[in-house]
Amino acid sequence: MTNPSELQAIVDAAHRAGAAECGKGRVASYIPALAEADPAQFGLAVRTVDGAAAEAGDVGRTFTFQSVSKVFALCHALAAHGAGVFDGMSVEPSGDAFHSIVRLEEEQGRPRNPYINAGAIMVSGLLPGETPDEKAGGLQAFLSGICDGEAFPVDEAVYRSESATGYRNRALANFMKHYGRIEDPRRAVETYFRQCSITLTARRLARLGLFLANRGVDPVTGDRIVAEGANRTVVALMAMCGLYDEVGRFAVNVGVPAKSGVSGAILAVVPGRMSIAAFGPALGPKGNSIAGMTALTHLSEGLGLSLWG
Amino acid sequence: MTNPSELQAIVDAAHRAGAAECGKGRVASYIPALAEADPAQFGLAVRTVDGAAAEAGDVGRTFTFQSVSKVFALCHALAAHGAGVFDGMSVEPSGDAFHSIVRLEEEQGRPRNPYINAGAIMVSGLLPGETPDEKAGGLQAFLSGICDGEAFPVDEAVYRSESATGYRNRALANFMKHYGRIEDPRRAVETYFRQCSITLTARRLARLGLFLANRGVDPVTGDRIVAEGANRTVVALMAMCGLYDEVGRFAVNVGVPAKSGVSGAILAVVPGRMSIAAFGPALGPKGNSIAGMTALTHLSEGLGLSLWG
Amino acid sequence: MTNPSELQAIVDAAHRAGAAECGKGRVASYIPALAEADPAQFGLAVRTVDGAAAEAGDVGRTFTFQSVSKVFALCHALAAHGAGVFDGMSVEPSGDAFHSIVRLEEEQGRPRNPYINAGAIMVSGLLPGETPDEKAGGLQAFLSGICDGEAFPVDEAVYRSESATGYRNRALANFMKHYGRIEDPRRAVETYFRQCSITLTARRLARLGLFLANRGVDPVTGDRIVAEGANRTVVALMAMCGLYDEVGRFAVNVGVPAKSGVSGAILAVVPGRMSIAAFGPALGPKGNSIAGMTALTHLSEGLGLSLWG
Amino acid sequence: MTNPSELQAIVDAAHRAGAAECGKGRVASYIPALAEADPAQFGLAVRTVDGAAAEAGDVGRTFTFQSVSKVFALCHALAAHGAGVFDGMSVEPSGDAFHSIVRLEEEQGRPRNPYINAGAIMVSGLLPGETPDEKAGGLQAFLSGICDGEAFPVDEAVYRSESATGYRNRALANFMKHYGRIEDPRRAVETYFRQCSITLTARRLARLGLFLANRGVDPVTGDRIVAEGANRTVVALMAMCGLYDEVGRFAVNVGVPAKSGVSGAILAVVPGRMSIAAFGPALGPKGNSIAGMTALTHLSEGLGLSLWG
């Protein structure tokens, strides 16, 4: 059984170590909503499968889902369609964004995995519903269903910014359409922008991710969120492809599956034990929260989380 | 505690499932010694950290180390030099061989990781000793030290074949030299060829890998083989980069760190539990033992090995 | 002075040589209008700057402009905007379509030249006018102005097919928009589709291209079509980038600037001497008219056209 | 007939324009012999096929052949072997050095053309003779034969430097060997280094290149140096691939075939008219002599050299 006060002490120490790094990073700047984030913010939230919780810092601060949404969109699509989601997509790492595009061409529009943008846009297009609103709305309802009925509103201003600037993602969608991999590039990409603009907090992100650490069953409610095999796939791909071109470094230093986003969120999953959410908008050179990476390294050491022994 | 007869039954079943796939693969053909391998061979050997063992099939059949040697060369180099081994090398996945070369150019001769050929050649060049014979000889002694003093001879005919055909590896070594990443391309590459030509069996490979599942300490002798942090790095990189362009598929289907070689060997490591060696020279389309991949998938299900829950 | 009967004899012989190759090629198939072309068609038309003309075969057969339009769109844009057309574009060869995209990413959305699709779409976006109809309409008027007031109608069915399938071009346009290289990706790409769907014949194409062989002045009317320097640029780029990944082979075998299109048209320009138009929809492996390539090689030998001596 | 005094005046003006640019460039620095060159040097030499000559500046200054040697090595190989030289090589532009390597991999060790390093190394390996000394010696004799029996000695210090640093070229040679494209990578690459280290002057380079402007026949002696078709190929490839990643810009601005080298030499060929040699070691951003590029642009305008009209 997790000792709550020990856990809290380790979380506090990890938070302090992370917070001390904030000054070394830079917030994302491609849309105003991200550029205005306070780089000194940092929150860390842990939920264990046996019912413990610990938090430190800005865990109630709202941020947008960005790429962390890809994990839950994949779960929702797998719940809706089963393994058919992977008919047009591989499950291999792809390296950086540039190589992702080169490979998209080489592999005839077939994305390398669901966590690069091309793959995530494909998944967005597969979400149940007809319009981008319905598709993203279904994902929001999926999240509410996991998280005690709480609302996960889209930040419409962020969505409009994403849509107004998202031409690279439109390019990816059109490439995939060229190769017959997706149905409607506009619908897929607008759904993707809406899903990235869903708002949440570190506290809720840890709560949302708990089922991933428990073979697809939410340990609080006992509800099965995704099938066991699907959960394993979702988590395996976090381990292989979850942190952009820093995924190997994270595997060495932290040793657990995780998914990061450009808003500064990281969700880490320790199978059988816990979910961890970090939020710190100051990003390191590879686009991952600098405080989050540091805090997770400390947590891994303090709690013995590395899966490699 | 592992139940030996249960373990044996599961190993037997996995071996049968693997053996049934041999006919679908093809042996490597770039050198005669590999081309002459019998594609119907298949051996599977398991050693647990708590002392159990189980075997099935051709576990006493001799094969050459090939790329599985990269794991042990890295251990030996880390034991000799510490983390300085990574001064000129990243720890990120690289995708397929073609992209490995593209990236080697893009990243100015800095290999993506120690398990692609460029990185492995760099590690070979760092092994203690002056000549290729001495360097490979030191690795052989390192292996003997782990494995009860048994000999790990180089197959000189294989070595000569590797050396006679290894121009792609020479190209990689010369690129790294161009960027000042290695000292002596010829020495590094000949060492690499010798290390790939070391002979062993599946039985011995499982024995050799046991320390990797036990935080760097051989559980049989109690000897520390590599430091705990170094062991974690070696194993993490197996998880991220150990199976060529099939590493993501393996993560999804099996869910444990592993390293494969073109002779048909696969070493899998289940941290805290066991090492598994498979040998089946019939390879699938991505260059991994087709019987080995199948058997490991069965073992993962039968023994609940996946690290993802 | 050109001897008309000698010229006609050489053109006839070249036409025969080309026609004999038609059976070895294949018509483009990505849209129905192209797929339905008769692969046995072949027309060859020559106009000299000193007033001679010779024709053979299907020189009155209608085809769509496709990539040959890029030459005239560039002329029209240069006439409207001057060298500012090249502010966001290079003038270097790019190799095949795949490398064109890789480079578009590497070079931050800056096309390598105006004859690859990305560059041509950028040029289309720069044509005078507000809507795709106006922009393409302006180009049609530009062509009529050169060619004795004759009409150059858009084949609306082809345009609709191009637009219905042109997702790769939309991807390119969106990439360029991502890098701020173009204003409105939709408008640019629809203009491009309309311009590609303009219809003409080999007879008219030879007539249209005559000014290119005469330093930008139409030798029939004496009208200056483009400035001398602009004409030189347009023709130089035909020499360097006009025949996809067969441009070097064409330079060796024929030795004059040319631009080909997927409908099977080729326009060749012999500075100071003549323009040559070939139309044969059966394409060789690199996407160029197989009869056209053969006939041009014969013409080059027969008429001593090679610029290399 | 060329008017000698007019020619001299234009050459003088072009030389002044070029010399004024020297300060903006930087000498190559990868070996000491090049790094020590005086960036203010600049020589310009013209020879016409009808017997005129004009010179300005440092036309008697010794420099090493570097990549300009590729043109003459190709001539010598074509004289020895005929078109078989192109059995393992394409004739297409390749863009920059990075893409050259990517393509070498993509196209299975088949160089894009004989003027990128890989292709040039292949040609060096085909030169008559057994050893690098013999092969380069044969080329030196070939040059002497063209140039009035004058000696073209190898600068042995430069050769040793090239050999001591040429690991990137060794990598290319080993790649080609891997794909079975060349016989002996060491011999080919050492020959290449020797050929690059041959010394000459701008005056002699203009003299050497005169036959290229005269369909393969030296106009001074009347000797045929290469067959007419081979000469056309050599010159066509200069036009398409002679100036690294600035070949399109040169085609637009100058409009004649040329080949440059990192020592600051450029040989330009105006078919039927003249050869032009420039030597100025201060290089622009793409590795071509900055003074040479400027002077050639002026000469093209002053003498109306552009082949595009």
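When the chains are written out, they are named A, B, C and D in that same order, and each has its own residue count from 1.
Heads up, the rule we're going with is that a contact is a pair of C-beta atoms (placed from the backbone, for glycine too) under 8 Å apart; a residue touches a chain by one contact, two chains touch by 3 or more.
What you see is a predicted model; the values in this text were computed from it and never measured.
When chain centres are set by their Cα atoms, the one at the greatest distance from subunit B is C.
Taking each chain's centre as the average of its CA atoms, subunit C and subunit D sit 32 Å apart. Distance between subunit B and subunit C, defined via averaged C-alpha coordinates, is recorded as 55 Å.
Among the residues of subunit D, none is found touching two or more other chains. Judged by the touch criterion defined above, the protein chains form a single closed ring in which each chain touches exactly two others.
Contact residues of subunit C toward subunit D in the complex are 90-95, 99, 103, 112-113, 213-215, 231-233, 235-237, 239-241, 245-249, 251-252, 255, 257, 271-272, 306-309. Every residue of subunit D that touches subunit B in the complex is listed here, in rising order: 98, 101-102, 105-106, 167-168, 170-175, 177-178, 185.
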